[in-house]
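One chain, chain A, links the two complexes that follow: it is found with chain B in the first and with chain C in the second.
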Partner chain A sequence: MDAILTLATISAALRLAIPVALSALGAVVSERSGVLNLGLEGMMISGALAAYSAAEATGSPWLGLLAGAIVGVLAGAVLVAFVVYGRANQIVTGIAVSLLAGFLTTYLFQQNYSIGQVPPRLNRIGLVALVLLTVVLLALVWFVLERTVFGLALDAVGEAPEAADALGYGVDRIRAIATLIGGGFAGLGGAALVCGPLGLFIENVTAGRGWVALALVVFAGWKPLPAVVGAFLFGLSDAVQLRLQGTDSAVPYEFFLALPYLLTLIALVLRARASRTPAALGVPFVRGTT
Partner chain B sequence: MTLTIGVEPRAGAVRVATSAVRSTLTVPIVALLAALIGGAVLILAEGEDPFAVYWTALDGVLFGPRGLSDTATAATPLILIGLGYALAYRARLFTIGAEGQYLMGAIASVALVTAAGVRDLPGPALMVIGATAAVMAGALWGGLAGFLQVRFGASVVISSLMLVYVAQAFLQWAIRVGIRDPDSFIPASRELGAATLPTVPGLDTHLGFLVAIVTGPCLALLLARHRLGYRVSVLGHNADALDANEVASRRVMLAVIVWAGGLAGLAGFAETAGVNGRLGDSASLGYGFTAIIVALLGRLHPIGVVLAGLAVAALKIGFEVAARSHELPSSLVGVIQALVVVFVVAGDALVARGRGGSR
Partner chain C sequence: MTDPACAVTDDGATVDTTADRGRSAVVMRGIHRRFGTTVALGGVDLTLRHGEIHAVLGSNGAGKSTLMKIMVGLDRPDAGGVTILGEAVDRFEPRAIRSRGVALVQQHFTLVPTLTGGENLVLARPEGRLRPDRRACRDRLASLVERYGLEVRGDVVAGAMSVGEQQRLELLRALDADARVLLLDEPTAVLTDAEADQLLAVCRRLAEDGRAVAFITHRLAEVFSGCDRVSVLREGSAVISDAPIADHSRADLASAMVGSESSGTYSRRASRSDEAGAALLQLRGVRAGRLHNIDLDVRAGEIVGIAGVDGNGQADLEAVLSGRTAPETGSVHIGGATMVVADPRSRRSLGLAYVPSDRYRWGLMRPMDLADNLELGRVPRVRGRRAHRREAARPALQAWDVRSSGPAARAATLSGGNAQKLVLARELHDEPSVVLACYPTRGLDPNAADAVAGRLVDRAALGAAVLWIGAELDELFAVSDRMFVLSDGELIGPFTSPFDRGVIGLAMGGLAPGSAPSKPDRSPVPELEQQEPSA
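The block that comes next holds the complex of A and B.
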């Protein structure tokens, strides 16, 4: 194991964990307000493409991150329109958003880069800067959720929307803000994936990491710090599988390809019952129904 | 507490039957038209004439030499998987992982049918064996996600998708090592040989299409007349009502997921034995995701799913034809398909609002 857990593996783990960590943080915010965001994968991939295009056009990967976050917020606005104000089924809508974003990013990417042509690599943001950014955002999310009135209102809306409504909180407005924040984080996560050490956009670059992030939120019991720790564990298993793929091991390398997803599944299973789900998660709020 | 629970605002209302029927038909048709208009905007952006493109597509599907038969072939996996989704979604079990069940069905059937000792059996026997193996493998893979939901409360939405990635990795191993054709230069499975599905006389598509077409009405009958169908609809509306009447809702959930997985597995066999003849690198084409669109466009009704499967397949084939004479990227049709589902969801939300938010 010593050979595996080298510094290189740790840094690869961080690199792979950061996009998932950022998206999971966003999902914590929106889910605690009662909005289940199954569009997370779509918001990540939208953010990734926006970030790549912006960073490639301007030469600045930081502007790429910004563009990714903005597009994530816009994608969040679509979800808000449907599920918060339209009271549509959150699960079906989220799946629809993820499907559309997947097809749309493929289409837009093919518009600009024909198949076979190698897309240019970006100027990349260093790992240390991304780690710092993640830590700062983690602290910010923790502070807002646990230490501010807004955080309290957000939890109230996610646990007992009728009570929050009776107290004069705007349930729809708070859910909308939380979902937009969640979308922004997911877009940022996708952006961090392409503007970080990878420096490239490829079709389906997120490879299910949005769904992984959703599983990690359950694993983390809807708390920010455990969500980031969970993302690091996912990144570690991803990094280890990348490393083991190259070695002559008796285990076929395809097993390692599946490993991060298997571990995510196990994490989901282990904690699904133990975690306290926000009581109104996934339930549209209609005044005067209970 | 699971993630699959959510009360639709329109549930439980005194619904005016006629308006419900009308919106059942109106929403998908309007959604389809709206998506085509959205597609027209994209075609314009490509510098092509949308009317010409759509005309070429329609002409190609209806009157082209292989238009109808290609549409039937492309619709086969979409209908089979879509029927499974429809069944599961009626019970409010929102699985999205049929792609994995499809692959596991395909792998299991190819492995068994091409195994030494089995492969020399006569063709019809091989087809039955292959289809059975595929259904069972798909049912197991789906059932695993269902079991994790029922036993541990792990959301089937996420777990079924995680299992897609596991299945894709397993496919890579299977065609590289497990069931590899030793004579093949690139990783590919052994050929199916006598298990290859025959062409239906007069239709110019494989037998799987007939199976898919027949499965639709059978499922409709099951839902309308059989006890399971009744329980599924109760489960979709109020799971507690089942338990209160001493029917374990968990067992119904599991049954639904297993059946849905079995249908996806069958689709895997039909596609492999009917079209490709073997499994290769590109066996995972995303039918499991497109079929979500088919199920929702078909209003979760088996007959609707058959029609929606044909419509979505016709869109795909039509655009393939149109791309021969017009400059169009292959990914455009995917955007239109995804727009269909977004408009269906939007239409449903609007209809629910139109009922005055009355519950």
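The block that comes next holds the complex of A and C.
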């Protein structure tokens, strides 16, 4: 076992954790305002494809990250239009965004690279830079949520939108901003996956990491630091299972593949009761209904 | 922030505490507001003056809350104008009006339950873009607490505070913004007597600082103990407008509040009380929510009407009798058998039919068809074919005059009156011995209301004990054999026919018959056991 927890495993864990951590941070912001972003997976994969295309075209993975974040914000705008201003069902709309983005990215990718052709590998961003970026963004999110009046209003809108409305805060505007921020972080998360350790885009490259990020938000009790720590734990179990796959074992490798997701599920069930959901999460705001 | 004790300055930044007195702070003229076909306000005038406490009095649905919401921009009038501190309001928008110094303390507080007292204060009026930490928030609240003498804890989340403390926090928030006009919507409804007295004293102090205070209430005692002027709203009109309190007696205000005309459209009972038999529904020492120690007997063949302003315990009485919630103490007996607490099934099996106050929430399943709705709660586990069930429903729908496209129609397609008849058809189908009817005619047109009232009267004539919780006095006078007023969680009465509108109006205003006129009266309930109805 000691071979498993080596420095290499830790750095692999960080690599695997960063995209999830960034998406989870974004989800913390949008969910604290009361918008359930089930489109997170779709926003991640959209960001991933945008980042790959931009980085490949320009040769700069940093521009790739930027493109990923921008496309994430745009995908967030779709959700805002339907969910915040259209007051559509947040669960159905979010899932639709995820499904649509999944198929659309596959289609667009195949338009550019025929089957069998090997897409070029990108210049990659180093792990240290990505870790620093994540830490800076974590500090930024924490500061905005805990130390600004906007963060206070964001919590108010997620907990008691009618109270915030009566105090003159624009509930829709705050939720829209929070959802756009959430989209940008998810796009960035997808971009970090492609421009970071992998350097490649493949179909379904996010492999459900957006869903894991959503689960981590609950696990983290809607707090930024625990969300990032949770993402690291997920990354660690992912890294360990990759090692275990390589060992001679009677256990089928699919079991190890499923292991991080299984651990996420167990952690979620154990933690879910302890954490308190924002009271207005998933509830469209209509003035005068409460 | 302006110190109210400051001397007046030339630039007018601070307000003189005496020169302003009696000057108009808010002038509302010809305010109209309708919701769908309901006229909430039909041309109301109201003037609030600096240095005065103005009581706005009215029963349920009189339009008090709508008027206040318009004044603070939470709603807009369809017609009419509002002038605040000399300037006409052109945009009815909460933030714009609040910045002019008008603050409303609502019945439902606008606090965020997960934030502390201090954080709620900062949320209402942030200073700059950065959020102070919890300690700084708490200190900011503490300075207000010290200045106004309203005790609120700054580091406790609002959700963990008592309603009295939450209200004080709301009030402090309004004062923090240096509100010159304070509107309090039913502020004492949720307070204990001591807290209510304290609040009145605080309001007096605030008025003396030159603020205009409006006190929306239905309690007459408070109007006389603390207010300078009074307006009375009834059915969207100002019956009394901006009158000095000295011009009116309690009886005047009570009758202005409840009206005097009798519509006489409801079916009157041919005979009253004479044939009343055994007590079929008995409440013994029931305490629950706002209810204190309720004792009540409803006998076979009689209708007992419960009058009162909403929020005085009606919802708790309904919840206990329908079996939704358990009383804290006391018991409910139906036909001699004790009802199992908080068990709707026990209530049903003992023969208590329930016509809920919210028929769409507790009475019907809107997406289901009429035949299914008729069977809810009274069918065996295994049901027949759908076509058969619908055929079987036809006679009942006809007998109860439920007008629809047939048993396959969804309940959502019914009008209010037909929906209520559907509830009655189901609830009265198995000939219950006791009927609990909560606002059974609310929202119905006169014909439908008459039909519903007639069905309940018929059921009483057939020997059922009917408890009717209602809001419209004329209707209760017409159908009841005996009446009680539910005020502050206590039953005042019984009153017997012929009913005295004035006495009942005073009781609804929180004044029990024979109470001392100078202070709020919360005297204990008369011993019901000893007061037999006049035969």
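Keep this in mind: the second predicted complex is superposed on the first by the 289 of 290 C-alpha atoms of A that agree within 3 Å, B and C clash if a C-alpha of one lies under 4 Å from a C-alpha of the other, contacts with A are read in each partner's own complex, and residues count from 1 in each chain.
Here is the rule we go by: a contact is a pair of C-beta atoms (placed from the backbone, for glycine too) under 8 Å apart; a residue touches a chain by one contact, two chains touch by 3 or more.
Given the structure is predicted, the values throughout are model-derived calculations rather than measurements.
Because the two structures share chain A, they can be overlaid on it, and in that overlay chain B and chain C fit beside each other without clashing. With the two structures brought together on chain A, the opening angle seen from the C-alpha centre of chain A toward chain B and chain C is 80°, to the nearest 10.
Once the two structures are superposed, chain B and chain C can be ranked by residues of chain A touched, with B on top.
Touch criterion met: A:Glu146 reaches chain C, while chain B stays clear of it.
Shared-chain residue A:Thr106: touches chain B; no touch with chain C.
Remark: least CA distance from chain B to chain C after fitting both complexes onto chain A is 5 Å. Annotation: chain A residues 279 touch chain B in one complex and chain C in the other.
By the touch criterion stated above, chain A contacts chain B in their complex at residues 36, 38, 82, 86-93, 95-97, 99-100, 102-104, 106-107, 110-111, 207-208, 211-212, 214-215, 218, 252, 254-255, 257-258, 261-262, 264-265, 268-270, 272-273, 277, 279, 281-284, 286, 289. Of all residues in chain C, only 74, 93-95, 98, 106, 108-115, 119, 122-124, 126, 128-131, 133 touch chain A in the complex they form.
Of all residues in chain B, only 1-9, 42, 89, 94, 96, 148, 152-155, 157-159, 161-166, 168-170, 172-173, 176-177, 289, 292-293, 296, 329-332, 334-335, 337-339, 341-342, 344-346, 348-350, 352-353, 357, 359 touch chain A in the complex they form.
Against chain C, in their complex, chain A makes its touches with residues 146-153, 155-156, 159-160, 162-168, 276, 279, 290.
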